[in-house]
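Please read through the structure below; I'll follow up with questions.
Chains here go by letter, A, B and C, matching the order in which they are written, and residues are numbered from 1 within each.
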Amino acid sequence: MTDQAYNFAYLDEQTKRMIRRALLKAIAVPGYQVPFASREMPMPYGWGTGGVQVTAACLTPEDRLKVIDQGADDTTNAVSIRKFFQRTAGVATTEHTPDATVIQTRHRIPETALKAGQILVYQVPIPEPLRFLEPRESETRKMHELEDYGLMHVKLYEDIARHGTIATAYAYPVKVEGRYVMDPSPIPKFDNPKLSGNAAIQLFGAGREQRIYALPPWTEAVSLDFDDHPFQPSKAPHDCDLCGAADSYLDELITDDLGGRMFVCSDTDFCAGRRAAGHIGRLGAAEPEVVP
Amino acid sequence: MIRIENLSKSFTLHNQGGAVIPVMADAALEVAPGECVGLVGQSGAGKSTLMRMVYGNYLAAGGSIRVGALDVARAAPREIIALRRDTLGYVSQFLRVVPRVSTLDVVAEPLLALGRPAGAARARAAGLLSRLNIPERLWQLSPTTFSGGEQQRVNIARGFAHDYPALLLDEPTASLDATNREVVLSLIEEARARGAAILGIFHDEAARARVCDRLVDVTGFTPRAAA
Amino acid sequence: MTAMDRIAAVTRPLLQVDGLTKRYGARIGCADVTFDLWPGEVLGIVGESGSGKSTLLSCLAGHQRADLGRILYDGRDVLAMGETERRGLGRTDWAFVHQNPRDGLRMGVTAGGNVGERLMAVGARHYGQIRDKATDWLDRVEIAADRIDDRPSAFSGGMQQRLQIARNLVSSPRLVFMDEPTGGLDVSVQARLLDLLRGLVRDLGLSVVIVTHDLAVVRLLAHRLMVMKSGRVVEQGLTDQVLDDPQHAYTQLLVSSVLQV
């Protein structure tokens, strides 16, 4: 039931149109950061104000919304945003990835492959991949304009020089369609391969930084690397202790003060789906009540 | 090889009321390949000034200075740079080098500038330094710390490193002992024998008599007092 | 082909500057500057503070836009170029050595990363090869190979300056702009740097435009000299000729003001 005190999805129609124009431009120029007039939202910066505005601009009354935070549907951030749109837009919600039409995410891409027609909205803290190397916005814009991206590899070079390997584990930069270098938001680099050639529309919103960018369906996004230090998506070398999945991204949980720990899927919907289908991990049967 | 005609020179001292001091007029001389010509004249008569003009270090006011095919009096800086690198050597009385550079490299530099392999250039430099009795233990040191006589010999070694077709020598035997003076005179004779055109200033009359084919008195080039 | 052969084969100047003028409102930055620079040549620009020598350098290097005049680099009109092309030159054919190494280095990046940046900017994607080349260049500027993973903030001023030179020369530029490269260094460190620069100029056949107020530096480094005063070139010629037989009143004053050059 929509709270009648608010316009549909909280933002007024003119604001949503403004954001949609930015979104169209972002989709037309994949990987390019489009400035937009980010609004104050009823939540603090860092809680997904950019993603929420993009979601608000995309939602229709017929949509079914899923919100995840680090892969989980049930953490504070995910629950708050889901409730926000239930109240202000009255849309249906789901935790089930295949059933969702719009998925807002913080720091993960769902394990279940997305399909055509779905929209994945990322919350982005710092959209500029060059920012930590070049503090001047005027200069980073110029660097994008001129494809002056040597600095990106300097960052990776420094990683190898210091750690012997590319230590960047999240927010790992990609080159989009051979043109713009893009920060995929702080997803683990394990998820980077899913950015590329994805059937869904991927939209990125940075509220504080006032930037929107996008990957239209089937866009190529190549993780930067060196010939002799190729990109490697990494995860903890374990299987999920609940569902036994060997190919999903895992969270490490400390279970007691005696050094006990377990590894579980970060994608709660994926894990629950596997368990419902009868897959059982190392600790899945013994402690069925444990939910990360 | 060197042909000077109608050469004149004056200095304008802008910071002393714009005084114009004519120092040379109607200078003319020739040095053929394989010939050594000595400049004579009283101190201040313009021997060094003439040498410096031939080297392009002083600008000529008028006339011409042909070294090979090039008129130094009218040449572009770039042409003079090439002339100095390939054709025209100059042993001045002062050694001017970058402080930290080793003596061996200072002497080899003219050859390196010609693109000669470093090994061959250093071997040639080593030969000259031995001949001029610079002890080998000093070769890796910078000559800036050397005595006046040693510096002069390093300077001479550097000037003779490349077989220039034309050579300018300003007091090459000054402040040398008998042994080294003998070495320098032999170097000059060898250069003349291989066909170098040499123009020199020698206060040492015996040396002058031994190596010079002719003498030119620059007093004749002094402008008349009226000018 | 050696550097010397390349230079000998050249039939036109590397840099041709014609009537270059830059004004700041009514004030003249530099006016009507004209010169040619040939491959392998080092051109010194001297003058006191405010003489326009730094303005001229930054116009030449494209850091500032000249109001009037023409700059041809290897026959290409620099002022008519798009920024992409000009920046491309800036990280391949051209190099710029700042007086303060902090302006020319990334202080938060290791020595190896600093040297490797220009290689990566033009597409080098092999870590091992980039590192080998950086090591080679550190050696050429006399920085020990075991300092490759140190940041420049841990280096002395002289080392920082040598690192800046390595970072600039690693891409084999043909034209190097230098703004007081030996300023702010101890005299003994200056000498070492001068020797290094002379060797690099000779071995690589570099063309250099060097701005300085130190006449001793240009005497040892520059083939040709340009003297500037109030934004204009008052005299130019062979370095030793300009210093030993200066023609213009200002040059005479400049030379006589120095204790010994």
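Here is the rule we use: a contact is a pair of C-beta atoms (placed from the backbone, for glycine too) under 8 Å apart; a residue touches a chain by one contact, two chains touch by 3 or more.
If you're wondering where the values come from, they're calculated on a predicted model, not measured in any experiment.
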Identify the chains in contact with chain B as well as chain C, in label order. none
From chain C, which chain is the farthest off, judged by mean CA positions? A
Chain with the smallest distance from its CA centroid to the overall CA centroid? C
Separation of chain B from chain C, taking each centre as the mean of its C-alpha atoms, in whole Å: 31
Rounded to the nearest whole Å, what is the centre-to-centre distance of chain A and chain C, using the mean of the C-alpha atoms as each centre? 47
Averaged over CA atoms, how far is the centre of chain A from the centre of chain B? Could you give it in whole Å? 77
Contacting residues of chain C [partner chain A, same complex]: 83-84, 87, 91, 106, 109-110, 112-113, 116-118, 120-122, 124-128, 130-131, 148-149
Of all residues in chain C, those that touch chain B in their complex: 2-5, 38, 41, 188, 191-192, 194-195, 198, 202, 219-220, 223-224, 237-238, 240-241, 244-245, 247-249, 252-253, 256
If you look only at chain B, which of its residues touch chain C in the complex? 11-15, 52, 56-59, 77-78, 80-81, 96-101, 112-115
Which of the residues in chain A come into contact with chain C in the complex? 133, 142, 146-151, 153-154, 157-158, 160-162, 225-229
